[in-house]
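Structure first, then comments.
A, B, C, D and E label the chains in the order they appear, each numbered from 1.
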Amino acid sequence: MTALLSPKAGLWPFVAVPLIAAVLDWRLGVILAIWAAAWALNIRLSQSASPTARTLVPVIFGVTILVLWEVTVRLYAVPGVILPPPSVIGVRIANSLPILWEDFVQTFVKGALSGYAMGAVAAFAVAILVDRYDFLRRGLLPVGNFMAALPIIGTAPILVMWFGFDWESKAAVVVVMVFFPILVNTVEGLRSADRMQRDLMETYAATNWQSLLYLRLPAAMPFIFNGLKIATTLALIGAIVAEFFGSPIRGMGFRISTSVGQLALDMVWAQITVAALAGSAFYGAVALIERRVTFWHPSVRGR
Amino acid sequence: MLSREEIDGFDHSPEPPKPAPARAPKVTPSQPLAGEADLASRKGNWRYLAPEAAAPQADAEAPAAAPEPTRATDAPATVISARDLDLVFQTNDGPVHALSGVNLEIGKGEFVSFIGPSGCGKTTFLRAVAGLEHPTGGSLTVNGMTPDEARQARAYGYVFQAAGLYPWRTIAKNISLPLQIMGYSKADQEARVARVLELVELSGFAKKYPWQLSGGMQQRASIARALSFDADILLMDEPFGALDEIVRDHLNEQLLALWKRTEKTIGFVTHSIPEAVYLSTKIVVMSPRPGRITDVIDSPLPLDRPLDIRDTPEFIEIAHRVREGLRAGHLDE
Amino acid sequence: ADEVKLQLKWVTQAQFAGYYVALDKGFYEEENLDVTILPGGPDIAPTQVLAGGGADVTVEWMPAALAAREKGLPLVNIAQPFKSSGMMLTCWKDAGIETPADLSNRTLGVWFFGNEFPFMSWMSQLGISTEGKSETGVEVLKQGFNVDPLLQRQADCISTMTYNEYWQVIDAGVDPDELVTFKYEDQGVATLEDGLYVLEENLSDPAFEDKMVRFVRASMRGWKYAEENPEEAAEIVLDNDATGAQTESHQKRMMGEVAKLTAGSNGALDPADYERTVATLLAGGSDPVITRQPEGAWTHAITDAALN
Amino acid sequence: MRLILPVLTVVAALVALWYIAAVPMNIKGVLVEAERAGAEVTPPGAAERRDMRSFALVAQNGFAIPATWAQERPRLPAPHQVAVELWETTVEKRITSKRSLIYHAWITLSATLLGFAIGSAAGVLLAVGILYNRAMDMSVMPWAIASQTIPILAIAPMIIVVLNSVGVQGLLPKAMISAYLSFFPVVVGMVKGLRSPDAMQLDLLRTYNASPSQGFWLLRLPASMPYFFTSLKIAAAASLVGAIVGELPTGAVAGLGARLLAGSYYGQTIQIWSALFGAAILAAVLVGIIGLIQRITLKRMGLSQ
Amino acid sequence: MLSREEIDGFDHSPEPPKPAPARAPKVTPSQPLAGEADLASRKGNWRYLAPEAAAPQADAEAPAAAPEPTRATDAPATVISARDLDLVFQTNDGPVHALSGVNLEIGKGEFVSFIGPSGCGKTTFLRAVAGLEHPTGGSLTVNGMTPDEARQARAYGYVFQAAGLYPWRTIAKNISLPLQIMGYSKADQEARVARVLELVELSGFAKKYPWQLSGGMQQRASIARALSFDADILLMDEPFGALDEIVRDHLNEQLLALWKRTEKTIGFVTHSIPEAVYLSTKIVVMSPRPGRITDVIDSPLPLDRPLDIRDTPEFIEIAHRVREGLRAGHLDE
């Protein structure tokens, strides 16, 4: 395993495997050959540590996947109602920008972002309480852990029933989804200050608020951001999934389910593309803020 | 780095130095020892005391019998007083007797070192004095109050073994942390930070973050932090453990100068025998399982202590006694 | 025996009693068929399953099938056991709704996932916009799987089937007098429901065609048996429900209602019904469900062979 | 005891809160029923009450409060209703019965376990690949993150259909969705774990001139164990969600997901809630078992002090 | 803890001790020094050398001029040879010159200490010798090979600053780790582990996990690990940095005894001047920015070194010279 993956293994598998495959099925051979070529290029590139290579390698990887997808769909004549090729999806995106934007605003801005913000604030507040009263921590965290295991497929219809069809219920689903990861990470973070750092506060006879403000909160930041990052992907997924259980007639989840019913798979994939882009951008934005806020942490400053 | 003259330059700081009424007068150097300037100039060409001359001091348990008065022996006001102190930690493996029957008096302006093998309770004792641990038996008073009250009265500056700076604050911000907590005005904070930064020779590094400094510089910053407010008692737990010998010598010299200038009472934990002997007016030797005091040595050394004093026979004599005390503690195990 | 996989449009219930009866009574076996019935659900598009080769034949509503045909998936209707439509809009009477004209400025619950086409056609024929509440428009909600939006009064009207959701509302304790219903049949916008559809390319295969002939014949036997023995048919459906969520009373009543819809059909598609459905769908105003007259969307070949 | 008391307190508080919350939640439905049964309700007429605040209704119709905890189809079932339903569908039904929650839980569990096994194995393999291959290190991670931003419920039906068209049916499609959700935490945790040995531990092996595979088996793998188990716990919970999601587009025939859906379809909130708690209990049991294995393994490895 | 007799008890281990042909004969104690037993018995009542007596040795750069032969000066075969060694790290902040123009010869059987302020390149040099860092200039050979080749030939035992035991392995398993990697037979592994465990006095702890042992015991286990296979060269990077003085003294004594028994060449990094002087036949003083050697001191001390030798004037003299060298390095900054 390790030997095969090492760059020293040589390039012969990259030639041999597609060739053998081509004998069985020429289309498979073509696909594997494209893959092998791109992968060999990536292995080459990855040996240099330059920043361009750092960005180029994942891009080539992604582009390769798209090309392979396109080629596979075309060579095997996969029907468009099963899996449309990326080119068709691209055309759909270009032609449907207003709809995509409307759905994006409904689901991401109104549902996911607001729910994310509310969930995060609520989690902070509870975390600070929980951190203050150890009894609460020991009682609430196990129960919360159990609650977090309730699958959204079950909670979403209930929340839609409670909070109505519009974005409020989607935000509620998001709150429920992001609350616990942020809570757990924040509580852990607030306890992460080491004993010496806490004792220092004691020797100054600092009040609880002072020690929270000057020590535990800053020390908790790396953990808090860990929770916030996990929560970004959960927020988007939660908002989309909640729309499957009732929604106004706009929103990414609504469009996806409706388009599947209409066999408009290009629209489905257009929405998925938007979701993946928005999710990755959201994640990236939080990661960027994290770098700013926790500039002092070894994982950020390097060494 | 820092010469003694520079440290004395501290005097031109905003605050005028307080008069030191409780202070012993400056003593003359020990009889058989050459004057310090003299000694320093004669590098590599020293005279040693005959062992006989040092002998009587080795057993000088009664300070009055010592050939010359030292500050610690001038019967100063008691600052820290421990009587039959017991401290037991309850752990999963059963109770750990960290301190057992500890009796100790520390007077105002004393410099007391604690030395002993790992786990003998040095840190625990210091923490108990600071009110960070609570004794399970006996009594412990600080300035006549309980340690907790003294802590609320902000009587302590505490320097931990590692620098323990907050990495998200600049050096200046780290030093102003206690001031901020204790509600000093912004202007006062700035003035004090500037003063202590100068004292530990870090003036140029105010805006740097801790991780941008070497270990030695971080340690100095943490000392500056403990000095920034006017705590009368300075508790230091192996503050120089991580430093190399030369830097350590320097900081030892500076610390001594500082202590002489201010009127602080210092409790100092160390693993190094020479360091303990060099710095202290009183050396407390401890022994583990259970943690207890096995020897208390009042130093006969003069208050003026150039680094070269470490090569004098009195010094070596005391060091020897400390080492014997330590070894005895180890053999107990 | 020849294998046939049948994809249902929805979960196991009396709506599909004919197929379960045919299976249970051995009608398929007698035709030398080995039939597997795949239940549907809210997340299953039967047309897509057919396209993916997951089933040979599916139960689908004609609007969805014709829409799929325009999307490039050539579905062909080979039999039409349901003569009339069971779709209706159920409203609170106390909301002040008496005629379709009263619908504007209301909130309406609608099924999507390919089931919204009849509603959309109806609204455009009424000249009511679905873009939001106004004097000439309605607020449309994508209604979930159940009748809660009506019961909770989140919507003034919701879509119901005569044989299912309507009775769930009644079961919730609502008196029929409290409700007003608009049947699509009565409004003249009925579209054909629950036909059997296969992929056009498969029909060129005589073996497949023969299989379908036998399948339709057995299925229609099942339907007629179910119409005559509704109690037994409901029991059979219950036996086949793997979720264990269906209740006997509800299924028996559903069987009774479904029998009314299948009663007028011997299995063969009535071209007049087809024309009416197409006309309704084409009349969708600015955004019609289908844009041109479909060609070859149905065949009598199978039913002709099966029923004679 | 130190743990039980706080947990019990919190649970008691939550249950009390739950009972209280059920009153305003269910009051409208209860009043409608009461009115139909002939009781005098203020104000009369469901349409009248529609836009009123629930608390006002409770205040004006105090007599209806007990009924809010005994409805057949409540908006929020009372705790004892859920408990009774759980009891009836687990203990009082034969486990082969389609109405037994244990029967459905078992169906979900089998897909969960298979998906969990596939997902963890894939996660570990990817992590090893990322560790030893720079190209994989640089290319896989960003796309793995992106993959987790795709709403699985949206593509689940397509996965099922595509797998179906290549002849994969039954347990496997559900397990694949379950694996899709569970591989990610394992990759992240294992990459972290396999990289956790510090420079000194690695250098030690270099001074022995150890081979890369010796480095893997003797150092990296054992060092990664604590991370491994932590990510397994997350992955187990994710697998369960995946299996439930996977049940919806496979015909919702049986399993906890089908149970949730059927309950939802017929507005049987009590059934939904009991299925929900069934799922949460299942997750807790899975995580608990992994925790147990973790404790035993780490203890035998000497890693737990 | 361990007496010298017990260490010699190592002789009855399975492997017969090799003859030591390249070894210097046992030397007689240094002239003006009292015999070791004598000195030890006269605790607290010592005589000091007149400074004059020590003076000539202070500059004893030419080993032949030393009053008595020491092992290091017997012109042994060269094991490690560095010529004009340069090592530059490329970092984000620009290049760091960790080693610059380093020239050093280490003979077979020598005990060489490296001392110098933090960051002067001690660790880097040791790592370069072990083939863990690659010089950017000059030449470095070990037994006539490149360090990498020597590493492949398993020439090194390396002891890191921290014990670095694997927490998931028992002490015995930790010690057998290198043996396992090098493919020793099971039986051989067991025998060797038992032997080195006895050597470091941890026989009773074979089945314990590292965290069940104290810091000092862990450090001994890590030394045992480096000794378990027959590397000729032992490289130790501040192995005793974290220990208290008494334990450290003990381990120093043991290490010296071990080195005398086996024929190993030892490279030893330390921050402690007395430790360096006590242990070494050669002391290399280094200075930072860029890291370079500022002084190489050949020790005139005899091979037999009781701990009390540290109170002798020769010892103090060497210590003084090392301290001066260090201080000079610090002043450069």
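FYI, contacts are C-beta pairs under 8 Å (C-beta built on N, C-alpha and C of every residue); 3 or more make two chains touch, one makes a residue touch a chain.
As the structure is a computational prediction, the values presented were derived from the model and not from experiment.
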item	value
Both-way neighbours, i.e. chains that touch chain D and touch chain A	C
Shortest contact path, chain B to chain C, counted in steps	2
Neighbouring chains shared between chain A and chain C, ordered by label	D
Cα superposition of chain B on its sequence copy chain E - rotation in ° rounded to nearest 5	180
Interface ranked first by C-beta contact pairs	A-D
Chain centroid nearest the full-protein CA centroid	A
Intercentroid distance (Cα basis), chain E paired with chain B, Å	33
Chain centre separation in whole Å, for chain E relative to chain D (CA means)	58
Rounded Å distance, chain A centre to chain B centre (Cα mean)	54
Touching two or more other chains - residues of chain D	75, 153, 157-158, 161-162, 165, 248, 261, 264
Per-residue multi-chain contacts in chain A, two or more chains	82, 157, 161, 244-245, 257, 260
Where chain E touches two or more other chains at once, by residue number	none
Listing of all chain pairs that touch each other, if any do	A-B, A-C, A-D, B-E, C-D, D-E
For the chain A and chain B complex, residues of the former touching the latter	196-197, 199-206, 210, 214-215, 218-219, 221, 294-298, 301
Residue ranges of chain C in contact with chain D within the complex	11-12, 38-45, 48-49, 51-54, 92, 94-95, 144-148, 151-153, 168, 172-173, 175, 241-246
Residue numbers on chain D that touch chain C, as the complex places them	28-29, 32-33, 36, 45-47, 50, 73, 75, 97-100, 103-104, 153, 156-158, 160-162, 164-165, 248-249, 251-254, 258-259, 261-268, 271
Touching residues (chain side chain B, partner chain A) in the complex	127, 130-132, 151-154, 156-158, 160-162, 164, 166-169, 177-178, 180-182, 209, 211
Touch list for chain A against partner chain C, complex	79-82, 157, 160-161, 164-165, 243-249, 254, 257-258, 260-264
